[in-house]
Structures are given as C-alpha cells and as structure tokens.
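Letters A, B, C and D mark the chains in the order given here, with residues in each chain numbered from 1 onward.
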Amino acid sequence: MMQTTIVRFKKPRLKKPILIEGLPGVGHVGKLVAEHMIDELGAEKIMEIYSPHFPPQVIVENDGTTRLVSNEIYSYKVKKGKHDLLILVGDHQSATTEGHYELSSVFLDIAEEFKVERIYTLGGYGVGQLVDDQTVIGAANSIELVRELEKHGVEFRANEPGGGIVGVSGLLLGLGAQRGIDAACLMGVTSGYLVDPKSAQDVLKVLSSLLDIEIDMQALEERAVEMEKIVAKLREMEQGQMPPTSDEQLAYIG
Amino acid sequence: MMQTTIVRFKKPRLKKPILIEGLPGVGHVGKLVAEHMIDELGAEKIMEIYSPHFPPQVIVENDGTTRLVSNEIYSYKVKKGKHDLLILVGDHQSATTEGHYELSSVFLDIAEEFKVERIYTLGGYGVGQLVDDQTVIGAANSIELVRELEKHGVEFRANEPGGGIVGVSGLLLGLGAQRGIDAACLMGVTSGYLVDPKSAQDVLKVLSSLLDIEIDMQALEERAVEMEKIVAKLREMEQGQMPPTSDEQLAYIG
Amino acid sequence: MMQTTIVRFKKPRLKKPILIEGLPGVGHVGKLVAEHMIDELGAEKIMEIYSPHFPPQVIVENDGTTRLVSNEIYSYKVKKGKHDLLILVGDHQSATTEGHYELSSVFLDIAEEFKVERIYTLGGYGVGQLVDDQTVIGAANSIELVRELEKHGVEFRANEPGGGIVGVSGLLLGLGAQRGIDAACLMGVTSGYLVDPKSAQDVLKVLSSLLDIEIDMQALEERAVEMEKIVAKLREMEQGQMPPTSDEQLAYIG
Amino acid sequence: MMQTTIVRFKKPRLKKPILIEGLPGVGHVGKLVAEHMIDELGAEKIMEIYSPHFPPQVIVENDGTTRLVSNEIYSYKVKKGKHDLLILVGDHQSATTEGHYELSSVFLDIAEEFKVERIYTLGGYGVGQLVDDQTVIGAANSIELVRELEKHGVEFRANEPGGGIVGVSGLLLGLGAQRGIDAACLMGVTSGYLVDPKSAQDVLKVLSSLLDIEIDMQALEERAVEMEKIVAKLREMEQGQMPPTSDEQLAYIG
C-alpha cells in the first residue's frame, strides 16, 4: 500500500449532507466532539482511509488486536431534518506537509461525491494558559457564513487565530472554497496543554444549534467534571504550594 | 489540489517588465517593501499560486473569512517609464527543500511568459545585533549588473553574506542565470530579530533609483518610527538596568 | 539505484513458511532474537533489499570491506516440522515516513510469493527504567491469534503499548490484515535504554514454543550475563555513590 | 529545474580514469584535498551538477556575483601515467535522504560513461577531541583493495568507523560494488570540530602514493600552520586558564 486508499463499507443515500471534521488537534477538542456525536447518534462507519502520509503505526485495542492508523467517515441520517451528516474522525493527521494537501483533497472528493452542502471543521484555539473561557471562535470561507455563525454565538476576533488554522481543519476551508463548498471552522478556546472536554461541550452546543439537532451531552459532561478536578489540582500546583493560613504557620516557616 | 497551480485573474500586456520579489524572509524587509509598493502604486493582482509545498494552512482575515496560503503576483504599468512592473509577494515560502526549486521554476516560467527583462529579489541581511546601519548589500547574477548596482549605492562586500542567499531570493538569481535572465538581490542590513521597516526604507530608496520611479514612503516611515520606539526600549533592556546617575546612588549600591 | 530493489540469491521451495521479522528497534530485542536464530539454525540468505529510504550509509566490516545498508531475508527448512521459516533482519528501518509503508509492502509481497501462513514481528516494549520483568507483551491482527498466543504465555494488557506499535513491526500486522495474513507482534519488556539480550531470551522462549522448534540459547545467555554486569554497575551508579558500610563512615558523613 | 541536471562543458578522452570524490564532510578533509589537487594540477571543469536535493541557495562570490549551489567534476590528464583523473567537488551534499542515493547514482552513471576503473572517496574520521594523530583510516568495497591500501600506509581498524560511512563517500562504495566498480574511502583522523588541513595533508600523501603522482603540498602546509596556531590557542583555553607560575601569584590569588 503506497497510495492513499479508501476502503468502503456502505454507500448510503444521504439528504443534502453536512460534513463534520473532528481529527486530532489542539486540546483534542474536535476529536472529542466528533467521537461523542458518533457514539450518541449511533452513526455508521462507511469508509476507512489509509495513507503512507500517516505515521507508520498500528493502534493496539484493549483486546490485544491491532488496526492500522486511519481516518474514518461515519454517516448519520437525521430524522425530520434538512441535512444528513457525514463525520470525519481518525487517529492522526498527516505526518508530512504534502500529505495534508493530498488527504484534504481526498476528503473533498468524498464531499463532492455525496454532494455535501457545507463543512464544519472542529478544533481548539490554544491560548497558552488555563482558561475559564467558554468562547467558541470561528472562521469561514465566505462572509455570508461568518454572519450566519455570529447568530449562533460564534465569536469572530480580528487577528485571531494569529497563526491561521493549520492542518485539515484549515485546508478544508481553503481548498473547499476553490471547489465552491461552504466551510467553517469552530474553535473552542482552550489552554492547549490538556485534553479539554469542557471546551468540547462549548463547541458541541454551537454545532447542535447550527445543525438544529439535539445531542445528549452527559458523557462529555462527566469527562469534563473529571478533567476539572485535574485542572483544579494543576492550578494549586501552579501557585507553588499551599499558602500559610495562620500566624503559627508563619512563625513555623520563619 | 496536489500540484502547484496558478489561478489567473488578468493577463495584462506589459512593457519590458521587471519582476520584483518580496516574499517573507529575514526582518521581513523584502515583504515590507513589496507590499508597500503594491499599496502605494495601486498594483493589480493578476495571479495566485497555490502549492502543496506551502505550509498546510489558511490565513484568517480581519472579517473572519479565510484564504489558503499562497504566493501572488501583481502588475503595475509605469506611465512614461521604460519598464512595467510585476511584483511577487506571499504568505510563506516553501516548507520543503524541493519545493523551493519547484516554485522558483514556476516563477521563472511566468517571468519568461511576460518576457521579464530583469528580476530584483528583496531581502534582509541579518547581522545578529541591533544596528543603525543603512546599508543595502547586493549580489547579482552578472558582473555587469554588479557594476550598475554600485552606481545606485548598493554595497558589495567580499564574503558577505557568508551563508549565501537562501530560498526564492537566491534561487531566482541562480536558476535565472540558467535561463539568461538578469537578476539581482538587494538586502537591507538588519538585526534579523525584528520586522524592520527602517531597513525596508533603505532598500526601497535604492530600488526606486534603479527603477527610476517615485514612491511615497510615508506609510513605511510611520511604521519605522513606531519600530524605533520599540528598538529604543530593547536597547535599554539590553543594558540590563538604568545606570546610577549620582554619587549618592553609587554610595547606596556600594 | 533510486528504487527499492531486491537482489535474489536463491529461491527455495518452502513448506507453509512463517515469516519472522527482527529489524532494529527498542532494546534491539527483535534484532538479537532473529540474528541468534539465523546463527543457531544455520539459516541461508536468500535476498537482500536495498532502498533509498534507508539512511545513505555503508557498514564497515571487521576486515575493512564495506556493504551498503540493507534488509535481508534468510530461509530455514524445519525438519519434521509443519512450517519452514523466513527470517527478516537488517541494519536499519526506513528513515522516512512513506518508506516504512513502501518497505512493509515489499515484505508482504515477498510473504505472498512464498505463501507465508503467519508473521511474527519481534520487538521490545520500553518501560523507561531498568526492569527485572521477564514478560513478553503481545498484539495480533486477529482475536483468534490473541487467544492462541495467550496459551504460550504471551501477556496482553489493556492500553499497552499506549503508543501503538511503530515501524515495520506494526505495519506488517496492519497491512498484513488487509491481505488476509495472520500476524502477531511479540514484545519483550525492557528498559529501552540498553541492548537487552535477557529480554531477547524471553521472546525467544515464547517464539520457540509457538514454532515448536528447539533453539540453543547459550550464546544469548552469555551476552545476557555480560549485560547483567553492566546493568548492575548502572544500578550502583543510579544510587549516586557506594553506601556507607560502617558506623565510622556514617559518623564521618554526619 | 526540478530534476537533477548535468551541464557539460567538455567531453575529454580520458585514459582509464580514477574518480576522486571530495565533497564537504567531517573536518572538510576531503574537500580540502580535492580542491587542492584541482588548484595544483590545474584540472579543468567539465561538468556542473544541479539538483533540487541540494539546499535552495546561491553562493555569493567575492566580486558580488552569484552561482547556484552545485557539484562539479574536473578532469586532469596525467602525463606518462597509467590513469587520468576525474575529481568531484561541490558546495554541499544532498539535503534529503533519497537525494544522497539519487546523486550517487548520477555520479556512478558518469563514472561508467568514462569507464572509471576505481573510485577514491575522501573524508575525515571525527574522533571528538583534538588529536595529533596522522593516521589515515580506510575502507574498501573489496578485500583485494583493502590489501592494496594497507601497502600504502592506510590503517584498517576493526569496528571503525563504528557508524559506518555516511553520504556520498559511503554510497559510492556501496552502490559502486553493485556496478562492479572498485572503490575505497580514505579518512583522515581529525577532531571533527575544525576544518583540518593537517589531516588533509595526511590523506593527500596516501593518495599521491596510490595514484603515483607528485603534488606540491605547500599551500596545504601553510593553511595547516595557520590552523595549528588556532588549535594551540584552543588547547590553552581548554585548560581553562594559565596556571600560576610562582608563589607570588598563588599568594595574590589566595
């Protein structure tokens, strides 16, 4: 296998589908949201994508079996909704510069095959310190889409993200525009140091509103609560030590 | 999109054009000059170049819209002048070794298409410390061109730059020579640590003289004044602290 | 030579062969086992594989002659056994991401040519500290194979190795599954800091049991004894200094 | 220019030529020897080789003109000798793994074109500390050649160089063997930290003996004397400071 290849399991008929991308990235925010959606909605795997641009690696499952690193596409038919869903997840993004372009092109070929009407790419916006911010920052490949996202609470800030959007989450917007596909990126504000299920919740809320579907958040909330405990401990450690709480302690330290 | 591709907007008829390259590099000197010229002259964008050798990234504009990283070519018709202009600018240079060669070849194909008579590549020459030097160092792919540049105040120093000229600014001279196109590189002396609009002014003065056109420098001057203030603060910080100003202070320190 | 190329010496007729891979990796465990087997069994070299993905290097032999870095395949006919053996060894794995995929594909082409029934890839599982652990961790590309390995004392641990299996030892399982070839990886637990012939013995015991052949271990034992001495010294050094051995010394230190 | 290309200036008729390679490497030993030979013998440039695998760079000459980085081949007809010479020099070796293989193949194509009978690759063997050693270490792609080199004072040491021979100096031996071309590498023992004209002299002496031609060494000797002064200063600095030379000094320091 020396070419990027697609293994197809099903070819569902989908109604004006929307493609959601949640590959690994900053704070694993996009990955958490997309995998949570697959679990909660019971989306079906329809494709696996393998590529020599992925790290040369197999994942070991809990039962001891292995599988080659891949990207996967799931589909979900939304009852009484206008748009069905395609969800792109995976173990890794490309390990090479050119691979990012090649894989994004493959994903857009698939989007065109299914006549995808819009793409939402999901990610985190790392600010370099622990934050309580619940903001979702946006970017889109058309000004109309920017306006629409603003109505759903997405924030747009001049010069942010300053470094642009790197990887598949960015290229699907840039290369998508060349093919006339509307695409937006939703980025949960996060430290960038930790897996952040809280920020994932913020992104999922915005995305649910945009998609007009309801998704149970409990599993994500539970992970967020656990993570909050870890974050609380980290904050304590950041302060170096517990501060003295009485004169006696001060005397002792002195 | 897995190949380097050119998107064309216009195909102007140009009079013996000169190509000016100002891609990102040391002190962003070349980029500052080229972008200033585009703004001041009101040059028109005629091409966008996309490549899988660029970093896989979109830029987010101030209005929240995105665009894929690219290199761009602008054209400008010089009234009553001998030579029209093509100006090459962009977000990034290649992220791979081979990409530099491929993109430089694409740029030279374009130069040949427009029958470009000469190329000026612009850059900074980083000396590793804050400098008050207003020198513009040169290099050219023919001795006749070296002689001509000297008349316009360009300085040529044996063994400088010692590391040669790296990236598109160098390859357009080296690969240009193979195609019989005269090309020179103008390098403003700069620290290499900071964006340097002052050095950009020095380069622009030489370039204006070479091109025999006048370009208003005010915008660049204003940016230079701002930067000077930052540099002044940096110099202070380099000295570590404010020096003692009276005997009393000395006594105190002693 | 700009393509991966195979130089063939012999084309033996083999009985339902099993392919054993022991390329360089963590603790050189796989390499030690595979090279020991070749020596003890007197296996015959049947192929050399050269590739521009290997480091650009020649090895200098003890007599001053050189040979280009390569991977090699040896064959061994097992008397009265069900399965003959192919053993893959070499100087290096690929130096590029894509090269790992290309070379693994070449190895699987060879496996298919010989109608290989199963692949065992050998490696070390680095735990980051000196260990007395004699465990062999496993992973396999089918659940039936996991069950079978467990009967031979291979341990399977949820979430280990957490980073998956990288390189040819992993890809032969992942890409092998796509071709319908059963494949398992046997990993000796090791520090990851040192060449580990003791861990290699553990892996060889399991492998002998799986292959139902006897292999003399003395050479490997001797290397393990030597290494134990080095490890003992390292442990001493880890403790910083020789411990005090009398009260006088303690008094002195006090 | 996106392929490795050869620009030819002359096609001399050469008598059973020997190819000498002296590209940049450890201590620039090979480069110093090969360039010294070109200067002293007055060898003629017959080819320039350009490649996208070289760093994307132009060299700036002392007169301000530029030239694209390249490798070059010079020829020299040895009067009354058995073998004419081809000498390979250049600014850089490949910047990519695959490029080393590609360029070495190109050099061997040229060697076959001229019916080269033998190749000597020249380099330094870095031992990691300042040395007074005048040894030339060897390696060759046949045992007969090893024996022959020993007679000319080349030393062969088991397990040295332990890391093999990397780059074109190694690949010409490894890939040369595949084409049936005898090739040997001569390595001057050097620190590896500094350009080493003294070690270059040692290599040149052995090479002159092998080629049975006389080459004036004065220029190389002068550079070696200069370098010796620098090395002497470095040795002083290694000792940290000048040691006290009298009791008075000790008193003063105390």
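We take it that a residue touches a chain if its C-beta (ideal position, glycine included) is under 8 Å from a C-beta of that chain, and two chains touch if they have at least 3 such contacts.
In this text, all values refer to a predicted model and were calculated from it rather than measured experimentally.
When chain centres are set by their Cα atoms, the one at the greatest distance from subunit A is D. Between subunit A and subunit D, the centres computed from C-alpha atoms are 53 Å apart. Centroid to centroid, with C-alpha atoms defining each point, subunit A and subunit B lie 37 Å apart. Multi-chain contact residues, meaning those touching two or more other chains, do not occur anywhere in subunit A. Judged by the touch criterion defined above, the protein chains form a single closed ring in which each chain touches exactly two others.
Checking each pair of chains for touch leaves A-B, A-C, B-D, C-D.
The touching residues of subunit B, when paired with subunit D in their complex, are 94, 97-98, 100-102, 104-105, 138-143, 146, 149, 156, 158-161, 163-168, 170-171, 173-175, 177-178, 185. Per the touch definition, subunit C reaches subunit D in the complex via residues 1-2, 50, 52-53, 55-60, 62-69, 95-96.
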